[in-house]
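As written, the chains take the letters A, B, C and D, and residue 1 is the first residue of each chain.
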């Protein structure tokens, strides 16, 4: 019997280890699996490499994970946002490593990792500092840069609906990186707004087939990052500053 | 070609020894674990699905774009747009999903499918598989998804007659036919025995009823290690 | 105003030129755009390179296009089927070239062509005759073969439903190669069972976004290849043998 | 840095000459053809959408996974899950589609988007673009989708003030800031002029009202070809 539902976010993230690579879905707050991230903060795994388009905002979610000094390295395309407080400070103090990747190259590297492609060529970044040190190769008179597939030990993503096989559908632009991260991770953990019975998701509409999903946690009313930031919420609640 | 010494007129008898086609499929099915994602090749491998022990839930992938393949349809359920990789009509179970060929082979190439069961022309001592071409000059070469499956699926099981129709060994020191993949086969279910391909060599782990180790060895062009 | 609907298959294929590369959707008969192929036979463009998983069956559709000696080269994974009569004869007589590609490599090459990736690496075919002459490269101790992206001048595909922007949905496993071929071709021509108004296809359910589609032809009751083959139909009807 | 000779205290006056931000967007919008697929960068480029001439149907792509982006929503339509690449709330038009980041950048990288309008820090005579980093040592580098867009979209339009706030030329023989892409820009819409980047050189094809060719040339560190 296949039933990927589990009972808590804590159980979902229990076996993430120090040094693991963790992909986290979301583009800004859309699709950010904030309850799973908070469970990972409670769990405490350190020295993580985290892959996300951004670095979070305020002092909740991904930003809080970074503030809690669990992240040794970020792989992302845009580590600055209006409310990004945590990452810039740690970065300037050399307390966190950054691998800056163009957004489309990041997406394709993740998709390649999930599709069993160890490397591919792209025109993106040719002639720029982000191609430095990378192999350049000419095909039909055009230069391309070789980029490597990205895999992860875990992916933490958010979806709208799941069945017990792990078939997923998403809500609007909250889909973003989740389907490709689900493919690229050994263990894909999904918080969903709603779990449904087998057959309730039309096979034609499935976005992420269950084969790419390992654990499902129903979080009926997920918190909204922007609301938390606006309210000045800090996670975990007792902390006022890094290290205290 | 590795020709066995005494193969004259033994062919039909030999292929009827031990397990028949249904029994080979049945034996293989015992090793399909609950919750696995499985791709079954055309021919005897297809039969594995009907013998998976009750209580195990297995999801079948067909590389033309369906996860959650069900049984053969009744005539009134037939849909020319719902077929398997062998181009035969199938059904979809509740909880199935459709996707395009790019995504389907991403599942395969990306190591997401647990088990693939295929037929074989030849298997080498190192687990090399030849199952797509005899290399004959006048043949129309056709490979389909076989090379992708053996390169990408986590575990490759082979179901095959132990020898060819003319009595030639199919388990060889090296394949003489063009390869489908190198070092890809984990286990062989033949009509005579179950054989694991390991770094230590070929381990015979099970004999079909009425078959002896020596007999299997005499039909195999590679030294077998008897674990029984 | 964007309206990709046109009035006939003949109009759709009118500008296919001698020597063009044409991707044709379908896996066996599922998804085969038989009316578009027959229009291409009527149109007569020669010396085509055709990309399809197979080589058609009987003497209709793709097989008829080949029999009509319009195809100089086939790129496919499986040129034999139970009712494949035409290709084997031409191939044995050296009248048609064959590039045999593993099915998954074929799919990924098409996807790469559509995604702006000129080349990628895959484990598929390493150590086999199909890797001969190709670059082998080792990543993390494993050998991979370099494969090139595939593009086409035209793609001929079949879908279930389209709106005037060209958004497409498909029927079951008839989806197969169509979405990636739509991406990889300069001009994607689609025969659909039904055209609908904008908004009738849920944005969450669109499989092929309209950006990948150029022309839509409604063919309400498409012919079924297997029925035609069973009835001994030959296209064009008057022909009895190649060249007559 | 290419410093213009007489830039002292001219800054604000200079940036107010010719077209204002709305007018630059409006001018650019005239060149967005009916039926095009368009990606608009953050800032002034976003404004282009509201000025596309009536009767033209244009489909807007946002790289975070939406084709068919509509207007800014009313408060009662707000959905935190429906945003653009600038992370602002948007709507979806009838005929829109959602897709994941892999597919979204396949559209970009695969040359499927017709036009992308972006801002610029510097543009070179060869159409090199610098718009993501000043190269300052203490800055947090952030690139987003800019490099993918300039590498993959068929036509890149730039909307920019002709000079920097301090009066430095932004159109230069070579960019001094780190590049976003080499030889990618087709046309510049500045507050002073419309300039095409061609193999023959920089063609000034249009002047903002009240601006002379000589004035534009004096604000440009590359020789311009006057086509008027």
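Convention: contacts are C-beta pairs under 8 Å (C-beta built on N, C-alpha and C of every residue); 3 or more make two chains touch, one makes a residue touch a chain.
Please read all numbers here as calculations on a predicted model, not as lab measurements.
Trainee: Across the interfaces B-C and A-B, which one involves more C-beta pairs in contact?
Mentor: Most C-beta pairs in contact, of the two: B-C.
Trainee: Mind checking the centre-to-centre distance between subunit B and subunit C? Centres are C-alpha means, answer in whole Å.
Mentor: Each chain reduced to its C-alpha mean, subunit B and subunit C end up 30 Å apart.
Trainee: Can you check how far apart subunit C and subunit D are, centre to centre, with Cα atoms defining each centre and the answer in Å?
Mentor: So the centroids are 38 Å from each other.
Trainee: Do you know which subunit A residues sit against two or more other chains?
Mentor: Subunit A, residues with two or more chain partners: 108, 111, 115-117, 122-123, 170, 172, 203-204, 207.
Trainee: Using the touch definition from the top, which residues of subunit B touch two or more other chains?
Mentor: Touching at least two other chains: 66, 92, 98-99, 105-106, 108-109, 152.
Trainee: What topology does the chain contact graph adopt: line, ring, star, complete, or other?
Mentor: Shape of the chain contacts: other, as it matches none of the listed patterns.
Trainee: When you check every pair of chains, which ones turn out to touch?
Mentor: A-B, A-C, A-D, B-C, C-D
Trainee: Show me the residue ranges of subunit A that touch subunit C in the complex, using the header's touch definition.
Mentor: So the residues of subunit A in touch with subunit C come to 108, 112, 115-123, 137, 139-140, 142, 144, 148, 169-170, 172, 203-205, 207.
Trainee: Where on subunit D does subunit C make contact in their complex?
Mentor: Residues 34-35, 37, 55, 57, 59, 61, 66-68, 92-99, 103, 105-113, 152 of subunit D touch subunit C in their complex.
Trainee: Flag every residue of subunit D that touches subunit A in the complex, lowest number first.
Mentor: Contact set of subunit D toward subunit A: 62-66, 79-84, 87, 92, 98-102, 104-106, 108-109, 128, 133, 138, 140-148, 151-152, 178-182.
Trainee: Tell me, which parts of subunit A touch subunit B in their complex?
Mentor: 1-2, 111, 113-117, 163-165, 167, 183, 197-199, 201, 203-204, 206, 209-212
Trainee: Which residues of subunit A touch subunit D in the complex?
Mentor: 27-31, 53, 77-81, 87-88, 91-92, 98, 100-108, 110-111, 122-130, 170-180, 207, 224, 226
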